[in-house]
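Heads up, the next two complexes both have subunit A, just with different partners, subunit B and then subunit C.
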Partner chain A sequence: MLTWMQDLPNFTAYGTPTYFIYLLVALLPLGIGLYFGKRFSWYEALVSFVFIFLMFDGQSYQQAFSLVAYIIYQTVIVISYFHYRQKQNASAIFYLAVFLSLLPIIIVKFSPAMVGHNSLLGFLGISYLTFRAAGTIIETRDGVVKDLNWWKFVRFMAFMPTITSGPIDRYRRFAKDYQQVPSREKYLDLVAKAVPYLFIGFVYEFVIDYFFGQLWYPFMVKQALLSAPHLSWWVVGVAYTYAGHLYFNFAGYSFFAVAISYLMGVQTPINFNKPFLAKNIKEFWNRWHMTLSFWFRDYIFMRFVFMATKKKWFKNRNVLSSVAYMLNMMVMGFWHGVTWYYILYGFMHGLALVVNDWWLRYKRKHFKIKSTKWTKFVAGFITFNFVVLSFLVFCGFLDKLWFVVPGHH
Partner chain B sequence: MQAQIQELLAQATGRDAADFADVTMDLYADGMLDSMATVQFLLSLQDEFDIQVPVSEFDRDAWNTVEKIEARVKELQND
Partner chain C sequence: MTNKQKLWSIFGPVLIAAGLALVVFAIPWKSNNSPATLQKAAVSLSPNVFKNRAIKVQALADKKANYVPFFGSSEFNRMDRYYPATMAAKYHHYRPFMFGSRGTQSLPQLFNMTMMAPQMKNKKAVFVISPQWFVKKGVMPDAFRYYNGTYANLVWLAQANPKSPYDRYTAKRLGELTSDSGTVASYAYKIERGEQLNAFERANIKVRIALLAHEDNLFSGFFLKDNYQKRIQPREKLLPKRYDYDRLYAQAVKAHAKATNNNDLGVLNSFYDQRIKHAKHIAGSQKHFSYLKSPEYADLQVVLNQLKKTNTNVVFMITPVNTKWEQKTGLDMQMYYQTAKKIKFQLQAQGFNHIIDYSHAGSKPGFMNDTIHIGWAGWVDFDHRIAPFLDNPQPAPHYHMNEAFLSTEWQNLTPTATNLQQFKAQHLK
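Let's turn to the complex of A and B:
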C-alpha cells in the first residue's frame, strides 16, 4: 500500500539546521501576512500539511495513516461529546468519552508488554495528541468549552510546530490565539521573543547536546556496560550525562517548538524554566516539562482531590494529598510506558512529593530554620541529585545493565 | 468579603488569616497555595458564597491574589 512513500525524504522536526532554512522560508509569507494583520489560514494549513507529511513519510510511512485515522477518531469523539453535553450531562457518557479517547494510547502503551511488539495504531507523538483531546473532553464537561468547531479542533490537534513532542497546549487557549490575528505590536513582540528562543534552541540542541548526547553519554554507557551486571563508578557518569542530554535535547526542542509557534502567531506555552535550580521536588515539577506536569496537576491531581474531598473519602487531608501525589505520578509513570523502570520512576517521584510535603510541614511546626543562601543551596543540591538518580532509572540503562544478555537486543 | 476570603485561605493552608493581609500578593509565587490547598479553598468558596467554580475555570493567573479572587467571586455570583 502506497510504498512509494518509503522512498521520499523524511525530515524529523527540527532535526538539522537545514530543516530550519526550509521551515523559515515556508513560513515567511505567513509572517508577512500576520504583520499586515492577515492570517492566511489555507496557506498555513498547506505548509503544516507538507511539513507534517515530511515527518511521517519515508521508512515509517505507516505512521502517517495511523496519525490521520487517530485525528479523525478523536475529532468524532470530541465533537460528538460536545454536542451531547450541550443538552445533557450524564457522568457515564462523560467517562465513556474519556475512555474511548484514551483507548488507542492504552492499546499502544500496553502492546509491547502484552503481545511483545509495537501496536500498528502507534505513531510519533500519539501521547501528546491524547492529552490535547482528553483535556478538551474534560473541559467540555466542566462547561468551559463553549464553542467547538471541527476545523479548529483539527488544527489544534495537528498544530505543526508541536505535533510530535509538545508542548501540550489547551484547546481554549489555542482557539483564542488562532481565531484572532495579533496586533502588529504584539506580533513583533512575539518575533522578538522567537529569535532568542531559536538561538537558545540551537545552542542547546546542536552544540551542548552534541557533547552530552553524542559523545559523553554513549561513552559512559559503553564503559559501564563493560562491568555488567555489576555497578561501577561509570554508572554515576551515565546518570549525570543522561540528565544533561535529556534536558538540553528536550528543552532545546521545546524552545524551537515555542519559537516556531510564535512566528505563526500562536503563543504555545513554555515547557522548561531552569528546572535544575528548583529547591524542592514540587518546584522542580513547576519548572520541568511544565505543560505535561500541569496537565497532570489540573486533570488528575486536582480533580481527584476535588472528588475525594467532596465525597469525604479520607479523614486526614495529609493522607489524601499523599494518595493523590502517588496516583498522579504513577499514572505519569505508566504513561511513559509499561516497563519496570518507567513505573519505578513514577513511584520515586510520587514518594518524593509525599516526603517533601511531610518535611515542609514538620519543619514549619518543629523548628524555625531561617531560609538563607546556604539552606537554599543544600535544598537545591539534594533536589538536583535526586532528580538525576530518577533519570538514571528512567533512561532504562539499568535494565540493560542488569537484565539484557550481551549480544541480545 | 475580603476578610471571609482571607479566613478561607487560612483554613485551606493551615496558616493565619494575617498571612493573607496583603491583597495583591501573588499566592502562588512563594508556594503559599499549592494544588492541594487550592482545591480545598475552591470547595470552601463554593459553599461559602454559593457559586460553582469548576476546576477548569481555575486559571491560576486569574485567581492568584485576594483582590482578584474577590472580583471573580462577585462575577460568578452575578452569573
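Let's turn to the complex of A and C:
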C-alpha cells in the first residue's frame, strides 16, 4: 500500500543548498505578485502543499498521515472552542480545550519513557504546531482573536516555512500579515532583509556547523567515550563543541525560516539575537530560542503569576516568582522529552533564574558594584559557561557516557 | 532610491556571485596532479581521496608509477617501518595506493571501486578483511556517509543495472544507509524494485556528476594528510639495503619488543598509555561479541561481484587479533576462527583463491601493533606474501559468482561444518 509515496524523494526542510534553488524558484511568482500588490493565495497553497509533502513523503510517509490527522484534530478543537467562546466563557471548558489540544503531544512525549518506543502519532514538528494551536486557544479565551475560521487556522498551522521547527508565531500577529499585502516599499524592505538572512544561514548551517556538527563534536564524543564511564577532559570539549553545533545549526535554520517567511510577505518573529553575549541567564532567554521562551513567558510564567496573585497563594513576591521560574523551566524540560537529562536541564535553568534574581537583589542591597566593562565581561563569562554546561546535560551525551552499555564497536 | 535601484542593490550582488560560481563549476577543469601529490595521496588515507575520483583514477591509470589499490580499514593507519607502502618503496616495483580507515568496510569500498572500475580492469589488487566488520548490524550509517559522498552514489547509480540482483541488493542498502532522503535514496529504491531510471533521472545524474567532477578536479588535491613525509619516507631509511626476509622478521620482532615494553600485552606503549592503562571494564567486555551473523557477508558478496566484473586479480588477507588482549576481553576465539572460516568459504566457493589467513597468527611474537591491528613482524610477513604476487605476472583468475551468498540465509548461517556442507549441497554446484 502507498508504495508510490515511499518512493518519492524526500527533502528535509532547508537540508541542502540545492533545496533552496527549488524553493526559491517555486516562490518567485509569489514574490513577483507581492511586489505588484497581489497575494496569489491558491498558488501559495499549492507551493506550500508540495514542499510540505516533500518533507513527509518517502520512507517517513506515515508521518504525513499523522500530520494531516493532527491538523484536523486541532482545527476541530480550536474552531469549536472559538464558536463556544463567542457565546460563553466557562473556565472548565477552556481548560478542557487546552487539555485536548495538548493531549497528542503528551502522548508522544511520554510514549518512549512509558512503552519504550516512539508513538505513531508523532511527526517532525508536532511540538511547534502544539504551541500554535494551544496559543490560539488562549488568545481566543482572552478575546483577542476575533476573526477565525477553519481555512485561516489551517493556513496558520501549516505555514510552510516554519512548519517543522518554528519560529513559533502567534495567530493574531500572523493573521494580520496574512490578510493584507505589504506595500511595495515595505515588501522591498522585507526582501532586503531576507537575502542577507539567507546568506548568514548558509554560512551558519553549511559552513560553520559542518565543522562543529560533522567534525569537532563527533570527534570529541568519540574521544570522551574511550574512557567511559569516567569523565575526562574530552567531555569539556564535547560541551563546547555541542554548544557551537546547537547554536549554528538551529540559528542557521531559523534564519532560513524567517527569510523564507519574509519573501512570502509574512514577518515571522526572529528566534536568536546573539544569545552568547547575554550578561545573565534572564537575558539569555530573551536572546535564545526567543519565540519559545516568550511563549512560555506569556502563557505559563505570566498566567501562573497572575493566578497566584489573584488567589493569594504566596505571601512573598520573591517566592512567587521563584516558583513561577521553576514551573516554567520544568515544563520546558518535560516538553523536550521525558528523559532525565531534559528534565535536569529544565531544573538547572529554573534554578539559575532563581539564583540570578536573588543575586541581583542581594547585590543591590549589600554592595555598590559599578557596572564596568570588566564586570560585564565576568557576568557574560559566567553565563556563557553555565549555558554550555547545561547544554552538555541537554545533549544526552552524559546518558551515553554513564548508562549506555558499550555494544559492539 | 528608486525601486529599481533598490532591487538591484538587493539582488545584484547575489546574481553576480551566482554567475561567477556557476562559471567556475561549469568550466571543465583538467585535473593534473603532480607525481608528488599522487604519492602523498596514496598514503594519506584522507576521506576526500576515498570519496572522490580524480586523484585515484589518475594514479591507477599511471603505468609508470605502477600503483596497486589496497583495500582495507583501520589497520592501514598502523604505519611502522614495515608498513606495505614503506617496504614497497624500498624493495619492490609496485606502489600501494591505500584505501582504508576505521569504518571503510565492504560497502564503502564497493562505491570506491565503482568510481575507478575502468582503471581496475584486468589489474591486481589487495583486499584486507577484518572479521570485526561482521557485526550484527553491519556497517554503521554514519561511517558509510562519512566515506561515501553524493559523487560516489551518483556514479554508482549511473551504472546500476536494475536487473542484477547484486545491484538491487546494493540499492536497498544505499537507500537504508543514506537515511532515505533526497534523490539518491529515491533513485536507489527504484533500482531496488527493478525499474530502469527514466531519461530525466539519467540526465539529472549526468549533469550532477559533471558538476561534481569539476569540483573534484579543482579541490581534491588539497588538504591531503601528509603521511608520506612524516611516516613513510623517514622510515624507509631505517630498513636494511638488501631484502632478506628472515633478517627483517627477526629485526621486527626485536623492534616490536622494545616499542611495547611498558605492558605485557604486546601493545604499542603509546596505545597502552592512552587507551588501556586507565580503562575499566575490559575484563569480559567482548564475551558476547559475535561476527557470525551479519549483513556484511552480503555486502562482501557485492564487492566480490564488482571484482569479478573488473576481472581484478585479488589477494585477500584476513586479519588477526592480539590473543593476549582477547584473553582479557573474553572474546570467543572459536567464534573468531569460525568467522574466518565462513569468509574463506564464501571466497573459495567462487574462485577467490588467493587468501592469506592470519586469523590464527595473533599470538606470534611481534605480529600485532596493538589490540586488533597487525603491525611489525605481521607487516613483514604480509609483504613477503603479497610482493611476489604483485610483482610477477599471474594466471588470469576464474571467478564464478553465486547469488546464494546474497541471501539472508547465508548472512545468518552459523558456519558449523554440517551447516556449510548443507549450504554447499543446496546452493552450490
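Definition applied: the second predicted complex is superposed on the first by the 406 of 409 C-alpha atoms of A that agree within 3 Å, B and C clash if a C-alpha of one lies under 4 Å from a C-alpha of the other, contacts with A are read in each partner's own complex, and residues count from 1 in each chain.
By definition in this document, a contact is a pair of C-beta atoms (placed from the backbone, for glycine too) under 8 Å apart; a residue touches a chain by one contact, two chains touch by 3 or more.
Quantities reported herein were computed from a predicted structural model and do not represent experimental measurements.
Shared-chain residue A:400: touches no atom of subunit B or subunit C. Residue contacts after overlaying the shared chain place A:143 against subunit B, while subunit C stays out of touching range. Touch criterion not met for A:186: it reaches neither subunit B nor subunit C.
When the two complexes are overlaid on their common chain A, residue A:297 makes contact with subunit B while staying clear of subunit C. When both complexes are overlaid on chain A, the residue A:287 reaches neither subunit B nor subunit C. After overlaying the two complexes on the shared chain, residue contacts for A:321 are found with subunit B alone; subunit C is out of touch. Of the two partners subunit B and subunit C, it is C that touches the larger number of subunit A residues. Of the two partner chains placed by superposition, A:152 touches none, neither subunit B nor subunit C. The interface of subunit A with subunit B does not overlap its interface with subunit C at any residue. Of all the residues in subunit B, the ones that touch subunit A in their complex are 31, 34-36, 38-40, 42-43, 54-58.
On the side of subunit C, the complex with subunit A involves touching residues 3, 6-7, 9-11, 14, 132, 135-136, 142, 175, 180-183, 185-186, 189-190, 193, 275, 278-280, 285, 289. The residues of subunit A lying in touch with subunit C in their complex are 6-12, 15-16, 58-60, 184-185, 188, 191-192, 195, 218, 226-227, 229-230, 406, 408-409. Interface residues of subunit A, counted against subunit B in their complex, comprise 138-139, 142-144, 282-283, 297-298, 301-303, 305-306, 309-310, 317, 320-321, 324.
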